[in-house]
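One chain, chain A, links the two complexes that follow: it is found with chain B in the first and with chain C in the second.
And now, the complex of A and B:
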């Protein structure tokens, strides 16, 4: 009874809100419409296509999945890949996070930058570098072969290597946040009570960080099995789901079966996403207070410092080696055959790829601010406003993060190629389908950083300002805005980087009038034209870095006196 | 604050709208091309210069083009499908996605170079050949393969690559060639053995194996002769091209008008232009064999009369593609 009376109360409160703030009500309805149309509808279309045969409900597509090895083998492969990559990636991320938050590791800023660097590079660049280095004709292959004998970079091993480099940064970012939020005073207290360092680590640090570790593991797992670019380049005979779904559609022209494979890819990612979101993160022991915690970093024993420093250095070296090879490769006349240094790849790239670069920049520049504002706005609604369906709004808006790009891309083709009751305009072939896809695909991180920032701001701070006589506008401008500005800009940075480097979903919606640079790079890689691919990747990384610098400058100017956003977060 | 954000959102929307609208053009032809970007640009820019019509294109593999046209059947976005092996065009025609159009040409096109109803028109051709890495051959003291069964030579164990027959017109032509030579059952047996003994990996695009061979990633690849020349020999890779003596299949590169495309008249102009001597002469650059008898053949290019060709039935291959590919996948399991 108590429950239903609370429910009634809530509904009454909701109605009051509508009455008091009609504008808010209209906006909420509008946002729901957008989420329904651009997030839920395409996914629904994919699922519908997978269970429809000749216009009738039919599960024969799924039945055939279990009959043929070439359908369920990729599923198993993807799962194995996801589990191994998530485990290795989380270990690497944890060691880095531990090194940066808990040890007197020198050059912390430098290590932080190198470990997060792979995030801003386009997908498959790491795989490209791996082939250049360790492929059968790779520059380090003879040396490596002398040590470990004949090996092949194409397959599970190579995939785990490149995906670890590509996705350990995700684990690192999650864990560095968690570890720095765990008050070191707890560990200090344990030490003061006579516990050994290892004991402290086992009984204090690790248990406190466990939800973070689980959440990092699940996020890397999602990214790994949804990854399309790297397996496309380096999986060899190790077939994974994302690539097979793509090939099923583009090679066999088999939309229903491709959609079915996509659904098979969707299920584990969604499960991992739910676990991460509604189970692991609820178990978080981290309490965020406004109180600053001063980390006391003690001098550690060598047996902790040694391995941590060694792993950090080794991984950093690997990152430098990989990206250095891409730079080096971009200046060679013909990779693997003629190492004469030349600018030809760059001049050729400007000839062939100029339009791609301009289009990529244009579309990303349009999509980024909309993504950022909409994300922040939804975050604000979710955290500060009470209304029916708030949880649903949060869930739907976060959904695109968990849904593999391949699924989204197929869904967009299916959903917006004809008029529908939801959306009366055909979007295919326009710039809008790309812009909208970029917006709704990249928004989740903006929302997440927005909600995180808003949650950290105790409403009492805002209330205090109001109590002191400021009106709500002034409060927002002088209190809320400066405090969420860093989150807003990191959301912007993220969506710009992702817009520029997107491939898995975008590849389905590019059109004659609008092309993207990543699609061009994939074309080069597809033809093993490694040098031009390397040159274009380097240019793309350069553009992204310049844009990051510009955004950082704007943040510094706006956020005078407030803390600035870290580059890649 | 709510208002402020809404206003900001609106401003952003309007600004981006103005941005996007600013790019509306006048006379534009939209095409899908299966040539690589670089090569496509050569022909398209020549066409633009000759006619003053602007062309906007997307580069995709022929499989991707077909998937795209099929997905867009309700609302076609492009008018012409440029290049890609005729097998895929035939497949598209059988699905009713193409608009028959007989181009106005001043030469006779052999019957196997166009659809009966002109749903597609051939505009270049090339034979399936083997590409081998010279260094590998020398090191292992083995001759370049000159028959299909040479591919089963243990010297090439785990060292041959080509594309998946279901993602690439090149590989499908290879598969259809084997079927036409051996019959389906024997072809399946042959390929199963081939797959087990010699295949290192399958690539997505038909030309992907050529640089792989060039780089020594694998010893032997199977691809079209013009691609082997343009992307292997001409690039400076240490590769050599050979043909199977039992006979080989060949492709005809197709051109077609997409049904319901936005600019049918411009599309027709484009198709006719592609068959002109001027356009066909451009094929020298990429070693493709022109269909226009008045065009010049590239030096060193292997013309079809020099290779032992089977009586390749492209129409049969195109119409039975789904079934034959399915048989391949069921047996090979990949």
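And now, the complex of A and C:
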């Protein structure tokens, strides 16, 4: 498509303007270089490796897709797992969201906290708890067996249970936003016109919430098929893509096969992601403003309240049971054998894991502020600046969010275990590869919270700064950053939590010299040392909670200063 | 004094593309004298704010030129332009004190701290914000915030001061007081200013000259009096003040005067439209306050009162004359006879206050 002469004229004018702010120009080029090198290049390497056999272009890996069990079985399994988990998780999330926004459920804050708790814990802790409870030596295994006969927690059933607990919170958060944005007056109007409660739900609430439900379903689907920690612990003979790709590469050293499995994982994830981002979210009838509409909750019939309360309570109980078990297990001498309470797991965990803890803290502490700043700066560029390639920058920086960790991890070893034109230093084995991976994997959330914050700030405040003579850099430093500080710090919290609990991508780039807590926990689980694994998980959750508390304090303090933004309309 | 201190030549701004293309600013030509205050006036969407933002550098022209003091600034970024802007919502930095807000531009520019301090204090005295330096913007009233915004722009001593509806967030009374204050300040400092507003009264009070815009195009440029007394077209006449249009035809044309018939009587009226010929359809512009009402008199146009509204300082009548219904405002109701609905009245038009325009059909809206 040829540009009109006016378009060309405007592009040229934009270029000349950017040229007058060389620092901004250089920064944009720099960010593009980083995104190319640390986001696009690794993914490209995975795809390239999957179509390279003996150094030549060869599609044999894909040709054998439907013949080779080692390809289509994990693919089908992952899809089944994703669909089932997404469905169950969305139902749980919806019922919870409905309970919180549309019923007089008591202790709403408590329910809300409990259902979102799994988000901040390392994902596989749930799997660990499932083993402690329902595994071969599980404390509830005999009781359960009395009801349903012999079963194994290892497999699809266990995975769905565990991933539902881990990812239903995601669905909940999406749906609670959607439901509280639907004006209850609409439901009142339907009832006023003669619809019964159930008819109101079917004809008004549900249709309005459908885009949100689709969105939640797709997000849980993505998280489920991309999950590595839980299947690694509990999938048993049920082979899924993420684990198989990992085993092919670290166990069999079969890079092309591992890469092919990774691509098989990448495709459905990307499809789901773009469906969610560009199609479903556009169908939405409601704009989530974060401003809850005042709900008019009248007396609900028992047949609505009953099931909703029961499910909320049951799920909450399950969360308590699972995390309680991990705490309880961390103090037992030998799970299922010797229930004597002891601190030995903690001492053992410290002896073995001290270096892991220090490494995790060090690397996360280095990565977090860089992630936060970069995220905010990219958000600033995307929202406030006009430059060629702005859309591309947004797309690329969001890509790491959509791409499963396993794919990114494989991409990083393929891309950085040798020099390349893009990056002339071998990174594998260094602390840098871990830090860089953490930065670029966690950045999208920083960008998102930055984008949201910036959209609420009147651009004329920044224009005023430019108008008075400040260039883009000075404006960002003296005006934008102080105003989006709360978003910046919550971005920091998220990055830190994610950095501390990361596993799927990071497991490919850890080394003897630099290792992480999550990898250590997985190691304990692998050796069936469940008690130290539990102890270390508890420590990890504790560290995360402390960090959350600390940063919350900082935000509150800053928040007090910026609460004066009432003049910002 | 330079006649074209600020000069806009063939300025065009197009947003969107193809079907959705909008010419927000369409061939705007304007010269602003040094020290002059020019208002861009028009309804929303007329292109006035876009024009202002192009002068400030927040939008780049699709074509045309912007010159300040003979320097072409089309593509100079806003931070290097000799302009500063007072924003509609003030855009005060919420995390800085009043003093920090005002001195921001000076601090960015650099220079010694003592002189920055003294200039900041001086400007704060000028706008009446003494001792407010340490307050946070949120602690100020709307009017004070507005003055901070003005001071922040003035302290930079820009070549051109831009004001984007600076009074629209103030309540009515304060708006009236503040616009006079701005006018005095602007004349005292002698700063060349471009002021955007949609409030015609504000424009009349403040401006040396008014630029009336509509659909991206300039409709008329002139002093408040020129615009009110000799509007260039139906839109301008209608937009500024209240007006009656009476359709007629040109009876005779001689030089700068034309003769028109109004309700059976001939009037000699001055016209700025030299191209009006005998027999042309025309609109006679009758301002409501220029008509006198008397009890029915022979030999004068006569009508029937259909509506009477008492406003304290004036009476507003609706009078049907033939097929037209005119609005007529009589100031000082106590000194004039009162008429009631259904009364027959005669209307006295004064040649000096009538004005003719080429015929345009009424807006369909």
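Everything that follows uses one rule, which is that the second predicted complex is superposed on the first by the 493 of 569 C-alpha atoms of A that agree within 3 Å, B and C clash if a C-alpha of one lies under 4 Å from a C-alpha of the other, contacts with A are read in each partner's own complex, and residues count from 1 in each chain.
By definition in this document, a residue touches a chain if its C-beta (ideal position, glycine included) is under 8 Å from a C-beta of that chain, and two chains touch if they have at least 3 such contacts.
Since the structure is predicted, the reported quantities are computational estimates derived from the model, not experimental observations.
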item	value
Touched partner set for A:177, first chain B, second chain C, both or neither	neither
Contacts of A:256 with chain B and chain C, given as first, second, both or neither	neither
Chain B versus chain C as contact partner of A:21, first or second or both or neither	both
Which of chain B and chain C A:526 touches, first, second, both or neither	first
Partner chain in contact with A:469 - chain B first, chain C second, else both or neither	second
Which partner, chain B or chain C, touches more chain A residues	B
Which of chain B and chain C A:426 touches, first, second, both or neither	first
Touched partner set for A:157, first chain B, second chain C, both or neither	neither
Chain B and chain C contact sites that coincide on chain A, given as residue numbers	21
Chain A residues touching chain B - in the complex, by the definition given at the top	21, 23-24, 27, 68-70, 73, 135-137, 154, 232, 236-237, 239, 247, 249-253, 255, 333-338, 348, 351-353, 362, 366, 369-370, 373-374, 376-377, 380, 413-414, 417-418, 426, 428-432, 435, 472-473, 476, 480, 510-513, 515, 520, 523, 526-530
Parts of chain B lying in touch with chain A, wherever the complex brings them together	1-6, 8-9, 12-13, 16, 19-20, 23, 30-32, 36-38, 41, 56-61, 63-64, 66-67, 70-72, 74-75, 77-78, 91, 164, 166-168, 199-205, 207-208, 210-212, 214-218, 231, 235-238, 322, 325, 329-330, 333-334
Residue ranges of chain A in contact with chain C within the complex	4, 6-7, 9-10, 13-14, 16-17, 20-21, 458, 460-461, 463-471, 474, 478-479, 482-483, 561-562, 564-569
Of chain C, residues touching chain A in the complex	14, 17, 56-58, 60, 62-63, 74-81, 83-85, 87-95, 104-105, 108-109, 136-139, 145, 149, 152-153, 156
